[in-house]
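My questions all concern the structure below.
Labels run A, B, C and D following the written order; every chain starts at residue 1.
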């Protein structure tokens, strides 16, 4: 069993930490908010008084923070972790952040001989709670080997995407594609509806034809085609549209920086932004379906 | 066994007719070109001297023609089939054409008491030859019941999309979505490649995540990620980009006529048009991958 | 002075006919609606009992109808005008319709030795009333010469776009570009506003820089930047968004048929369709500005 | 006359500095490259041995650098200018950079009581040489008043866009709109050409109709429609497509950060990126016209 510092105990971080405790690991946790610390203490974690105090003698540091600036603030700077962490510790950043910051961190880590791995997740709060997340890991072969078992306590798919930064990039690509497919599937369904088709029949046909994709399989955006999906529950639950927008922004930043042509990703991102700007940011992202509605 | 007139013996029509002969049906065939007629004659078909002469005493008329104007020319007009066909015959138009023409035909058929069914297919020449096509059928319940068994001699999935016209519309929706997904998947893969990812690893990750779709399953657009797909064979074979463009045009005509908003479908259609205009129309449609290449 | 049959007395046709009367021409008018006929009668026109009865011994027939199917119905068919009109009469179709119908009409006209000219207008009801319309004329050199003077009674710019059909096509191109510019200018203004800029200052800067375009000159889409424009009058008056959508549809039909790549035109058309579908079709088309609003 | 330090003597900076010398100002210049320093010395400038040595006792510091990171490196950091500059000096950054860096600089300047103004230009090397640039200035009223006269030695339009950062933002909006219009105008012209129109006639019509915009006025993208424009000179000279792409990237970064919906700007940016990726980055940006060509 390992000794793990877990920093960032939000909606995702708290259940991830809880699964590590359940698996028998020794946890030191830190967050600016007290409540999740207290809940994890009852499950067996120690509470650190600061991020800096959490990292003594640990095998792993895991961070799960909202954006690049928080991650940079945690690790870089005079009194930040990079200047105080042991070279025997492996840092695992599970935050979903911009590739540029991830690469900056790994460059700085290399300079001072530290090991850092980017391991953003997909699967949402439900997956974090159930321990069925997917991890997309950017790491050397050796580091991947060393973190794989630990991550398997929190997820069921542990993908090695490539070297440092590759995990972040792979997630950005996947989620950009998901955003395109959800919008495209919505368009296709609405075009059918506007021309008299039954969305259930059309979904069934496309699911069994070359239009098949993850959204038709498990996340149909049209209400009442599938049970137990956000669209059939007034677009509650699921993955908030504003989070999808955040992920598409990360993909498009990488697109701008690499001079890539991403016409469908760029357009989809604007469609989600527009839909958020009229008040739908907190609904499930499959609500983009309504943007193509005829009434 | 049924008596069937089969009109239009092109790349798709000929193997479809052959499968009906194999299944034991009695075929009368007609095409403006002699060669496929002769080949089918050797397999047991009778050759008609004209479309009009093919339809005497048949249970079914099947047509498989390139575009709406050909189908309209065959059935409508003074000396055309609608004026000469028995009310006991069921007409099955397997052509992929515009929804407006399909609806016009079914309206005219209804006026004169004829039974017509639209049943466009997907699966390509390979599916037509192997008898594994998908049929998307627009028909009354009764007509669907009456044609289903016959179509099953040529395909493995026989979908009832709705009333007359619905088959055509369902195919348009499916193929528009396919066009979006192929372009979107290409974009995502190229964005990854431009940022240092290995397309095989990225494909594997997205295939097992929320980016999963038919193209990643069986038709990866990046060369050498999958075997036996067009992209790994210099984009030969498969489904020609110009045919995808034709199908997207049909979807967008329906979009214009129904005042639907189809931003991703419309944009994708322009991307395919641009790619065809620089000389790629005869390549497999997954060649759109190259439009997003960085060199 | 000429003898003119004027068919189609809607919002545009009536004031156009009135201007011809004012200029001293001899008018016979026809519409399915009585009121405009009566009003024009008071100004000196004769009322015909049918389209067919309006065309005896006239120098020109002018038609101003809503869509291709109406124009086709007027001229083609057994008891329609083409079979009954004198070869000395010049037909001027001022309707804005699809290029395919326009070309069909000119082909049919040529077969029977008739002279037809397409002359769609821009300038709206205000321009029709003031006699300041722009005419985009598709005609032979000779026909253009013969109609130019007559059209000058209704408009101030009489452009010769090319042979038959070219007038319609030129209008489609112009209005597609206008649709793109109005949406693009709206986007740019809203991006500035979202980042703290004053839309008046930004408009002034772009108007005097390389962003200059017709919308910034005389039709600013942001309320209260310019006086006497629809945006400053709650988007009343002006050019209805649904009419812009109709014109963009005509351009995109031509794009589909000519396999052109029109990504921005196609996308803009979907944006207008979406904006119409949520209830803004009757507002001025500059209301698309609100689609990019952040609240 | 003023004492001015001018840092960054590239294609734009050198002729701008030369115009200040011509106007009688006292210049100290610095660049990492020797040649432009020597040329300006012959015209009367003093050469500084470093950026830091250039700023003693000057009234103004003007910087003209390629990107945000260079500007940040010049002004921020321990041994950088902000720590060494007099509070009586006004800093004018004429670089075209991202809004985020510009805002960071003005925030830092405010903290230490320095005056900084953002004043990006448009007009290219020709405008810089002729002294006819447009300046888009972000500054307090007082600072604007204080720099206006100086800038007028280098340009003819000095716009006050708003407070610090507004100059940068206004340029980003203008150039995004320009990028959209150039692509949109190209699309419209190519659609006309594909349908048989003469691009000269179509350009003439749109220029005098509601399609009018800066590109049709002075920068027609179709070869041989206008004289003395890049398109008529094999797309040489003018404004390089890669520079347009850079400017659109800046606009889209601001769009991502402000959660703005910019569908046409985003799409256009991808079209330029694609066109650059196949080898057209060094051509004039009106070469995007060829992307919509049919052969």
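Quick note on the criterion: a residue touches a chain if its C-beta (ideal position, glycine included) is under 8 Å from a C-beta of that chain, and two chains touch if they have at least 3 such contacts.
Since we're looking at a predicted model, the values are computed, not measured.
Asker: Quick check: more C-beta contact pairs at B-D or at C-D?
Answerer: More contacting C-beta pairs are found at C-D.
Asker: How many angstrom between the C-alpha centroids of subunit D and subunit B?
Answerer: Roughly 51 Å separates the two chain centres.
Asker: With centres defined as the mean C-alpha position, give me the subunit B-subunit C separation in Å.
Answerer: Once rounded, the distance between the two centres reads 38 Å.
Asker: Taking the mean of the C-alpha atoms as each chain's centre, how many Å separate subunit C from subunit D?
Answerer: Measuring from centre to centre gives 39 Å for this pair.
Asker: Using the touch rule from the top of the page, what residues of subunit C touch 2 or more other chains?
Answerer: Each of 259-263, 267, 271, 274, 277, 291-292, 294 in subunit C touches at least two other chains.
Asker: Are the chains arranged, by touching, as a line, ring, star, complete graph, or other?
Answerer: Drawn as a graph, the chains make a fully connected set, so complete.
Asker: Using the touch definition up top, name the residues of subunit B that touch subunit D in the complex.
Answerer: Residues 263, 267, 274, 277, 291-295.
Asker: Can you list the subunit C residues touching subunit B in their complex?
Answerer: 245, 249, 252-253, 256, 259-263, 266-267, 269-271, 273-274, 276-277
Asker: Okay, in this complex, where on subunit A does subunit B touch?
Answerer: Listed in rising order, the residues of subunit A that touch subunit B are 99, 122, 134, 136, 157, 159-163, 165-166, 169-170, 172-178, 180-181, 183-185, 187-192, 194-198, 201-202, 204-206, 208-214, 217, 219, 251, 254-255, 258-265, 267-268, 271, 291-292, 294.
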